[in-house]
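Inspection log for the structure reproduced underneath, given as structure tokens.
We just call them A, B, C and D in the order they show up, numbering each chain from 1.
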Amino acid sequence: MTFSSPAASATALPFKVRDLSLAEAGRHQIRLAENEMPGLMALRAEFGESQPLAGARIAGSLHMTVQTAVLIETLVALGAQVRWASCNIFSTQDEAAAAIAVGPTGTVDAPAGAPIFAWKGETLEEYWECAEQIFDWTAEAAAAGADWTGPNMILDDGGDATLLVHNGRSYELAGAVPETADDESHEGRVVLDLLRRSLATSTDRWTKIAEEIQGVTEETTTGVHRLYELFRNNELRFPAINVNDSVTKSKFDNKYGIRHSLPDGLNRATDVLIGGKVAFVVGYGDVGKGAAEALRGQGARVIVSEVDPICALQAAMDGYQVAKLESVVDQVDIFVSGTGNLNVITTEHMLNMKHLAIVANVGHFDNEIDMAGLEKIEGAERVEIKPQVHEWRLPNGRSILVLSEGRLMNLGNATGHPSFVMSNSFTNQVLAQIELYAHRENYPVGVYVLPKHLDEKVARLHLDALGVELTRLSEEQAAYIGVSVDGPYKVDHYRY
Amino acid sequence: MTFSSPAASATALPFKVRDLSLAEAGRHQIRLAENEMPGLMALRAEFGESQPLAGARIAGSLHMTVQTAVLIETLVALGAQVRWASCNIFSTQDEAAAAIAVGPTGTVDAPAGAPIFAWKGETLEEYWECAEQIFDWTAEAAAAGADWTGPNMILDDGGDATLLVHNGRSYELAGAVPETADDESHEGRVVLDLLRRSLATSTDRWTKIAEEIQGVTEETTTGVHRLYELFRNNELRFPAINVNDSVTKSKFDNKYGIRHSLPDGLNRATDVLIGGKVAFVVGYGDVGKGAAEALRGQGARVIVSEVDPICALQAAMDGYQVAKLESVVDQVDIFVSGTGNLNVITTEHMLNMKHLAIVANVGHFDNEIDMAGLEKIEGAERVEIKPQVHEWRLPNGRSILVLSEGRLMNLGNATGHPSFVMSNSFTNQVLAQIELYAHRENYPVGVYVLPKHLDEKVARLHLDALGVELTRLSEEQAAYIGVSVDGPYKVDHYRY
Amino acid sequence: MTFSSPAASATALPFKVRDLSLAEAGRHQIRLAENEMPGLMALRAEFGESQPLAGARIAGSLHMTVQTAVLIETLVALGAQVRWASCNIFSTQDEAAAAIAVGPTGTVDAPAGAPIFAWKGETLEEYWECAEQIFDWTAEAAAAGADWTGPNMILDDGGDATLLVHNGRSYELAGAVPETADDESHEGRVVLDLLRRSLATSTDRWTKIAEEIQGVTEETTTGVHRLYELFRNNELRFPAINVNDSVTKSKFDNKYGIRHSLPDGLNRATDVLIGGKVAFVVGYGDVGKGAAEALRGQGARVIVSEVDPICALQAAMDGYQVAKLESVVDQVDIFVSGTGNLNVITTEHMLNMKHLAIVANVGHFDNEIDMAGLEKIEGAERVEIKPQVHEWRLPNGRSILVLSEGRLMNLGNATGHPSFVMSNSFTNQVLAQIELYAHRENYPVGVYVLPKHLDEKVARLHLDALGVELTRLSEEQAAYIGVSVDGPYKVDHYRY
Amino acid sequence: MTFSSPAASATALPFKVRDLSLAEAGRHQIRLAENEMPGLMALRAEFGESQPLAGARIAGSLHMTVQTAVLIETLVALGAQVRWASCNIFSTQDEAAAAIAVGPTGTVDAPAGAPIFAWKGETLEEYWECAEQIFDWTAEAAAAGADWTGPNMILDDGGDATLLVHNGRSYELAGAVPETADDESHEGRVVLDLLRRSLATSTDRWTKIAEEIQGVTEETTTGVHRLYELFRNNELRFPAINVNDSVTKSKFDNKYGIRHSLPDGLNRATDVLIGGKVAFVVGYGDVGKGAAEALRGQGARVIVSEVDPICALQAAMDGYQVAKLESVVDQVDIFVSGTGNLNVITTEHMLNMKHLAIVANVGHFDNEIDMAGLEKIEGAERVEIKPQVHEWRLPNGRSILVLSEGRLMNLGNATGHPSFVMSNSFTNQVLAQIELYAHRENYPVGVYVLPKHLDEKVARLHLDALGVELTRLSEEQAAYIGVSVDGPYKVDHYRY
């Protein structure tokens, strides 16, 4: 791994990306992505002048893709400064990272963009070092002659940045980082080591950062889950907006994003015909619904498993067979997990799969598939077919194909959700950043969703690009159903 | 119209149905429907012995169909007494009404069933007289030697029964029924006349009834809307359970029910090939989603209109053209309204439609389509093709086909939602009746939805019939996502 | 059964229909159907003046539905005389039969239409008497002062009319009708008896008829199969056009017609929710493809069986499970046969079905389902739920629901293919009648399909009604692919 | 471009590929592809011992992909020798080419595979030199001590190999290569130059080759079209089998292959969300049907254009809008051509497209889209976004994205049809090679399709892999429909 050194430019802040020469290709892709992200471009037009994020110092931890590049440049266009890391070791698109580091007005020799710490294929150690970097604003403080030490906002995906602040502060208060347990995961050890080193250097670094932060906007189910838990336990230190549960996020990103990127990842990874195959989708939430629709749309026969009887009934009413994985495991060609839970595909399942069955996770962490268990099977051998595609030769003489080492394969094997989907999510993110930064007074410490009129606004900003003609209520009609002509149009519990 | 006179049986209560000789056919259909209503049959098995509804006197106002017959007999099996009217002048299935009046153990000559007041094709006057009948429990009181005058529970669909009680009581308190306004609708006049007659007879009839009622369970969006309004205005007199917003109701009845019964109604009414046609669906809520899916499933090209940008974006992402009705009105063969709003299809729209375009309402009242306006078009002529199918010859030389006189065509031209769908809705109804009757103490006056574990229970009771295998969470998995192994599995705001 | 007697009108020819008072309703339906049969209406416009069928005397044997009414009136508009019977004992729509008997200019008291011999629910004896009637043109001959005895054209569906002529002639040549074998079917006996009576009256009636006939146009796979067999055995007496194998017939009527009328028949017969159910489609030809698409479009899970590996592979590639019926029989809710073969659903299958499983045939004769075997099961009991819907209570304690007594349920339980589909088939029929009658010299005895340019013409006449814009080849493009700008556009073996 | 030099191995024949070190990756992919190509593997099992292709010298001209690698090794396993070139300048997968050159038993240092002449990104000059190489069997002849000069079989895709032989021979007979016309295309010039050089060296080289060749098996519509033309003009020199028109080729490769590889190519090229977009498919043959299904399956709204009224009517019945391209050009986000014709997307169309509309060809040559015209638009500028993805900046200020320079984008931007689809096509190819080589006596010069029982065999060999259970006809059933229990099951004109 070689890093581009930041050029000795007066304006450039330090950064770490793979290869700055990729910046030109990245810039092309950003330009094309802008055409697919009408929500973000509309916010630049609406707020470019008023600069509602002027003064905001955003620590961003979110997959460093081309789409995130458009998000970053939107935040900057609205007045913010950012430091950015990816939230997944495989998800960075190196050309996007390079383009952001170089910036729209910089050059490879004189980069003038934002400080990015991300590359495709980080080790866990590198990953957490990058995460730490987004909290180190000493260079920016020096340039501004300011005495703050860190960011005043977090934009998070999965909650790792938020966790670092909360755990760091908590260990500082306790005066020590806890002992590493014997059964601690590799990643757990890395984090403890990092915070141990931090504590050795400063006893109040994270405490001060926690105080400076006005709020966090969180992208995912997993991160939101952590936030609600912190809040329930009275441990949350700043208000949070749950971007994940905006309709225009959860029902779009999760469903339509996966519908797009699941077959894309399968194709890039394996080139296996999906048509005619038996596919098994674990979980029929929004992710599972999108996955099942995509697979059926390619001519696969889809079987679904569920633990929730309501979702199970939905799957049946949508025409899918609903079965336990173990009941049909030997008939399935493609396994897709989309649950947000752990061990939904077990080693026992894997040992009973067809030869060269494909195992793909689009749900959550790599523990959805029991990768740890797989590694421990005696006699199992891992053969790299190509990066992110591994044949596991099992002692039963059969092999299975595991994508992205059990992590999110739509990121690892494809390029993640496409721009248009991310434009919905990220327009929510920007609106949420504005809410917490510019209207902080409205948000005592707690976890919030965006108000419905902003959710509807996000949708509204994406209609023209699709040629959608929206009908307008008459005053009489609005009165009849008891809403304003301009919305919001639905009660809060409406399910869409 | 001739009615069967109640036989001079000791046990029989008075009723009014079209023809008791239809009872045998109705009984066959009830038996078949029971096979399709596993939720209700499971409740009979679970609660048949404990009789949680013993003592409940339910005034039911809900389409008197074969499925409602299974609901009624389930309520009775759980201990309740009922009196029943339909909630729509066209929706009664006369053989079901007859079978319930005769009862499972009665005969045509000695009916021993429940008192039913319903037939297909009531006039508005007859309709409201039937509605009044379900509140007259003097015969039952006499038989029981009791001094109550009316029911102690309402099971309502659309809120007409609830409205009668609330308005009746309010006029009694005021001492007078208001003058009928000049522009009052026909139906409004009928109701005012009825309550005027009532007030002439008794000054506290509805007041007493309102006091005796422990609660109402309401089936529909429209009725729920009225309940929330009453509650907001401090006018609600007893607690209400909003059955409509159970997931297993709104997302099943509205979506999957319409998916089934819309094409069924179109076919029975017109026999027109749906494939290849251009269909326009007004509204992309649950009803519109089911309608669009059904029409596409039959090979139609579907265009959708929406006022809510989120639903509009969903329609686009599901592959439908989204346009204003006026933009494409002259290309459309089949119009379907599913909004719950008024005048979504206007006379101007109708005057611009293709010759013999079909106009069908599956949303709500007959004012979704401007029927009143249509009747007022000078030179427009109405030709009955067959019952519930009318050709309107317009002065422009073209005709349109209006189904069910603009009322719900899935009830008027077909047989409403099929049994399996209604089993979901009605299992919610029965559980809601049990909640309000047997656990009244938990429900101060207000409007409630069923707790999620009961919603999940409804789904669970319908899985076996579809061959669905439900997966069970391990303790470890349940802990990981912070739920109980037995559910509920989702946060309250989860959208499914 | 009471028949309308033909009025003592000078112009009326004898006919037999159920009730002439249904004529007005039938006329409304015919008018509406004309709007859905643009192909036939275009032929009336194109050929109304030139009268290419002047002098044609057509013996028609085809389901006497509203659509056939439009066909009959188109044939008449092109100059033909007709006599008509249905080709199925259940398929007549009595109002259509009445309307044709009355004719567009006649009245119930003075019918002036065509001689029709058809009503819903004929006995087999009545059916074949009706078939015989279409060959008795003595009244017409008398009116015309002509010496012919029968028709000069046959328009056939299933081949019964053609069979009667060929067998009648053959027995006349032999001088005797063969003995009825002990195991002869009921229908076989009826036909032999009829021809025995005929031979007793005349020894050359069918021989003369066979000589007078210029050709037959045949609608169905089954009839076409019989024609090829006759031709192979050198027994065919006149040329035949195989209308069934026009693309615009087999790929439209079979696929899109069944897609429409299968769920329609299921709904009218049973009102059972299709969504969520397991449906089994026997055969994945055009009929099976349409059936599977319709059931999936309603949310059923569809399993298919096939004997042809190519069709089986198509079914798999289209996402369906492909299994033997016996492998999954106990999981299936709805069975649909569409093969054209016999005993594809056997008594053994039926004895292993779920309680109240539905058994429906859309393929062919009632022997697709082993109805004869079902009747012979000891202890099996048949309960009529309503006409064409029978519960068979089996000795195993379970019941099954058999639709239309095993005959074509889309005709018996619904109203057959819708008008638009039949407009395609019948436009082929009319063009085929014109070919054989007006261009007889081009057709030596044999079995033909319509030339491709006529097949394309049929399609072309149906595009405007659907708002289809057809693209026109440039001369350069036509030359590049070696076709004429006006078509035909494909090689004969093109599969569409 | 650097080539691997053939190693100085005794066994190795000369070849030209990009980089032999890719062979290991290619070998992995071949092994995985074998699992997806059950038809070819079954033929190895069935014919490996009998060696029906022993003595066959096959000149192969077909995309040098991983799937073709499995085909080549199947041909070799059946006894054949091969020399191979790609039939498209962009379609070679370099790792597959390398793996075949190295062979399963060879090494990079001692390659022992087949002589391959193919790499991704050939110039037209290189392309035709490679094509020439597959006819130069002097090394093989020398090794065998034989006096033949070239192959005795051709396996062709698009007809280039066949054209070279026929034109070469014809110019030899004429004694001269014609003058190159002024308006001759670049490719036309290259071919004429090549044959001019050839004629300068030998006056009978192609004549002898033509004599030695026993037959050609042709893969594509385009190649088949050329063959029928040669045959009609009495110019065809050896029999040909039209593999393209096997049902298991045209209805599988064209439809299901495109369904898979079209979205794959769009995704790899652009990462643009397909859902919600307006896609336009030019042509609704098998390719168009697969394209439309894939795009709809991803949530796009699909509009189709057609010149053939039958296909247009099919598109409408399948629920698609059918319009002329010019009528809707400004609403479309993604254009897909699949016609086999020329200039179906014109420069005028391109000048009216939305900004950054995507233009993709899956039909045929790069003249489907008027690339030549595009290049001539004054002021148009071509910017490479990445290989095979070009932004064309138009003088109107808008850009369009052209994939694969207008050539087949499913090959250029993705990896072509997936293995399972190609297994069907290639099993037909192998059976066709066996027919023409081992049963030459049955095939006088002409163009043939494979007999139906072989077509059915191809399907049969692919069922097990998909878990398909095939039903077997009883003797009684087979007799009833007049077929053998073992097939073939359909008449030749059956359309599937």
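One rule holds in what follows: a contact is a pair of C-beta atoms (placed from the backbone, for glycine too) under 8 Å apart; a residue touches a chain by one contact, two chains touch by 3 or more.
What you see is a predicted model, and the numbers here were worked out from it, not measured in a lab.
Student: If I superpose the C-alpha trace of chain B onto chain C, what rotation angle comes out, expressed in steps of 5 degrees from 0 to 180?
Tutor: 180
Student: Let me spell it out: compute each chain's centre from its C-alpha atoms, then which one is farthest from chain D's centre?
Tutor: Between chain D and the rest, the longest centre separation is with B.
Student: Whole-Å distance, chain A centre to chain D centre, using C-alpha means?
Tutor: 40
Student: What's the distance between the Cα centroids of chain A and chain C, rounded to whole Å?
Tutor: Centre-to-centre distance between chain A and chain C: 59 Å.
Student: Multi-chain contacts in chain C: which residues touch at least two other chains?
Tutor: In chain C, 256, 275-276, 296, 299, 313, 316-317, 466 touch at least two other chains.
Student: Which residues, counting only chain B, touch chain C once they are in their complex?
Tutor: Touch residues, chain B against chain C: 25, 28-29, 32-33, 35-36, 66, 256, 259-260, 263-264, 267-268, 270-278, 293-294, 296-299, 331, 355-356, 383, 385-386, 391, 401, 414-415, 418-421, 466-467.
Student: Within their complex, state which residues of chain C touch chain D.
Tutor: 225, 229, 245, 247-248, 250-252, 256, 286, 305-317, 322-325, 327, 340-344, 449, 455-457, 459-460, 462-463, 466, 468-474, 476-477, 480-482, 487, 489-490, 492-493, 495-496
Student: Using the touch definition from the top, list the residues of chain A that touch chain C in their complex.
Tutor: Spelled out, the residues of chain A in touch with chain C are 275-276, 296, 299-302, 313, 316-321.
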